[in-house]
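Chain IDs A, B, C and D follow the sequence of writing; residue 1 opens each chain.
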Amino acid sequence: MAGKTDHALERMVFFSDAVFAIAITLLVIELHAPELPRSSSDAAQLQALAQLVPHFVSFAISFAVIGMFWMGHHRAFSLAGHYSSKVLGWNLLLLGVIAFMPFVTAYLSSNIFQRVPAIFYCLTMLAAALLNLKVNGTATSPPMVDEKASPETIAYVRQRGISVVLGSASAVALAFVMPAFCQAGLMSIPLWLRLLAWRDRKRVRA
Amino acid sequence: MAGKTDHALERMVFFSDAVFAIAITLLVIELHAPELPRSSSDAAQLQALAQLVPHFVSFAISFAVIGMFWMGHHRAFSLAGHYSSKVLGWNLLLLGVIAFMPFVTAYLSSNIFQRVPAIFYCLTMLAAALLNLKVNGTATSPPMVDEKASPETIAYVRQRGISVVLGSASAVALAFVMPAFCQAGLMSIPLWLRLLAWRDRKRVRA
Amino acid sequence: MAGKTDHALERMVFFSDAVFAIAITLLVIELHAPELPRSSSDAAQLQALAQLVPHFVSFAISFAVIGMFWMGHHRAFSLAGHYSSKVLGWNLLLLGVIAFMPFVTAYLSSNIFQRVPAIFYCLTMLAAALLNLKVNGTATSPPMVDEKASPETIAYVRQRGISVVLGSASAVALAFVMPAFCQAGLMSIPLWLRLLAWRDRKRVRA
Amino acid sequence: MAGKTDHALERMVFFSDAVFAIAITLLVIELHAPELPRSSSDAAQLQALAQLVPHFVSFAISFAVIGMFWMGHHRAFSLAGHYSSKVLGWNLLLLGVIAFMPFVTAYLSSNIFQRVPAIFYCLTMLAAALLNLKVNGTATSPPMVDEKASPETIAYVRQRGISVVLGSASAVALAFVMPAFCQAGLMSIPLWLRLLAWRDRKRVRA
């Protein structure tokens, strides 16, 4: 174990893992299998599948998004060594937004290329990003943080948290002008991350 | 670890956590994404979302309610150090009522402002509150309680359990006269908690 | 921890707990909330709820049945101290039947008082009972059993396993003659348990 | 515990177990219980059940397939002793394909005996097999592998991983010519396993 971990902390982390795992797996429930008559040609079947492509893409993107939030949570809490009841409420709010993701995914993929669903999806992601920043920040600060956690890793968790917020905000902005590609805003996350790391290095040198 | 914990106790707590996590995440299944034609205006989309507001509110409230019961369970069992088979049946009953919450949430939000669904919802909550009181009371009493658990925290768990029962009973009462706002009865929980804490302090002084 | 437990054993137990927890919570998905017009009277709402009573009863019974199998699994594996790959396949089969329970529950409660669904439900339960006997027997025998496990508890696990098989078989028999009350066959479990305990005590004396 | 296990590794394994468990249990959601009028004869009920047989068979096969992947994951990670962030992304991809299985199962069983759904199902299985090979290979190689893990078991994990890929590829090939029996390709897995073991033994001797 990376540090001495409280039992209450472990149970909270476990509960969070379970909600992340259920939300990520429930995404598939919104995929409805087409049922064609027995005499259908291969072409008809392929066409039925082709109509589901927006749903498949949404499933994949939302799977990646929830996976990304889980990995951030995973990394931040591996640096926590103590339990604090202060994080419980914020963590529950974060889980609530994550549990809401299957709905916004279904809404977006049923109304592809439209502005309102795109904005709604990206705003949900922004809410998750802000709560993620708060929760992971609390987990990597006293009194929760493990005394033996490396300052570099803690700095990385924060930079990543801020980058996800900036990437989600970019996605919201994109949703207004190019609803169909709003999720591309997330691809700016590595850029923000690099920018923040560069700024921090400059600060340390100064 | 807060105290010496039996393996059987851990497994029961784990199973409970899993049921809480699944029930809280299944709430989203009752939210059905609207599917509008491609040519829909932004206004039509916003209107479709607006019609879902009662469902969103119910999702949020039920998420908070299940979260609250989970937090109480979490707090009580962090004080338990030994396993007792006496708690198994009651805990299973509590989990049964929690697993029932997605149904009553869907029923309430599909029949908003009506008396019977409101009473049904609040009675379910009252059942959960009573079972919660029983389970958490058993977990924080001999033979289950950890010998090193602080008497103040145990007293707090009991006060909170009673407050949740009184708050749920208030919600049931409200459901008869103001079905639309029955869940507001839950907002009386902090008041009951303060009242009970004040009574206990008075008792200690006497 | 009651005994020295292998990591592989822990992970298998964890996986089983998760499947039990998901199956027990998925039961609620088959309950469909009625949606009545806004102007409905309280009487209409109560009538809509009354029509769901068979579904509520089925939910409660199946919750208790899955809970009972989980408790048996819980008890048996708390006596196991070593991992054996021999149990993996049988345990997976048991979990498959448990995961099938939400379907048979929905089928039974949608076709109440009919013979075929009742027999189908009870046969599923019998399959679970037989696999439960096999799995729990393997967990409480060498090489899996913990050397420090008490022989009385092991004997109890076996008696209980056999009683559940006999109770399920009684339910199957009842399903042929009184489909509506087939699950009442389960109520014979405590009788079988007492009978087996009495036989064993007699044997020990002889 | 088989070896010294990092906390981060444990949490990743736990998350994977949860996704496997949810995906395997969600298979049942695609089984829709028939609802017949009260006056239906036993024959009508049996006929309704008979029509569900393809769905039952698909449920059983997919349960076995996900169970097989879980068992492989279970075996491989019981040989891992250290955490490496390199495995995180590949593991998430594997879980994404596993979470997709309930959809392809529903699609296959709703369009039984047709070529496109059979190919789609088997390609999904092949994707899972390839990711499984990558993930389990990473878990049983430095820096993740436990130093005390036996080389024979590691060799077995690899042989099994390759056999599952070959078996899935056989299933894809079969799907083109005999869509109804494509899953029979999986039955070649033990043959591939024996072949690979024989080749490895020959190599060792040489």
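The criterion applied here is as follows: a contact is a pair of C-beta atoms (placed from the backbone, for glycine too) under 8 Å apart; a residue touches a chain by one contact, two chains touch by 3 or more.
It should be emphasised that the depicted structure is a prediction, and the values quoted were computed from it without experimental measurement.
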item	value
For chain A placed onto chain D, the superposition rotation in degrees, Cα atoms, nearest 5	90
Shared interface numbering between chain D and chain C [over half = same, under half = different]	different
Rounded Å distance, chain B centre to chain C centre (Cα mean)	26
Whole-Å separation of chain centres (CA-atom averages), chain A against chain C	37
Shared interface positions of chain D, touching two or more other chains	14, 18, 22, 26, 29
List of chain B residues in touch with chain A within their complex	1-2, 5, 13-14, 17-18, 20-22, 24-29, 31, 33-36, 38, 40, 42, 45-46, 49, 59-60, 63-64, 67, 70-71, 74, 77-78
Residue ranges of chain C touching chain D (in the complex, touch as defined)	6-8, 11-12, 14-15, 18-19, 22-23, 26, 29-30, 88, 92, 95-96, 99-100, 102-103, 106-107, 110-111, 113-117, 120
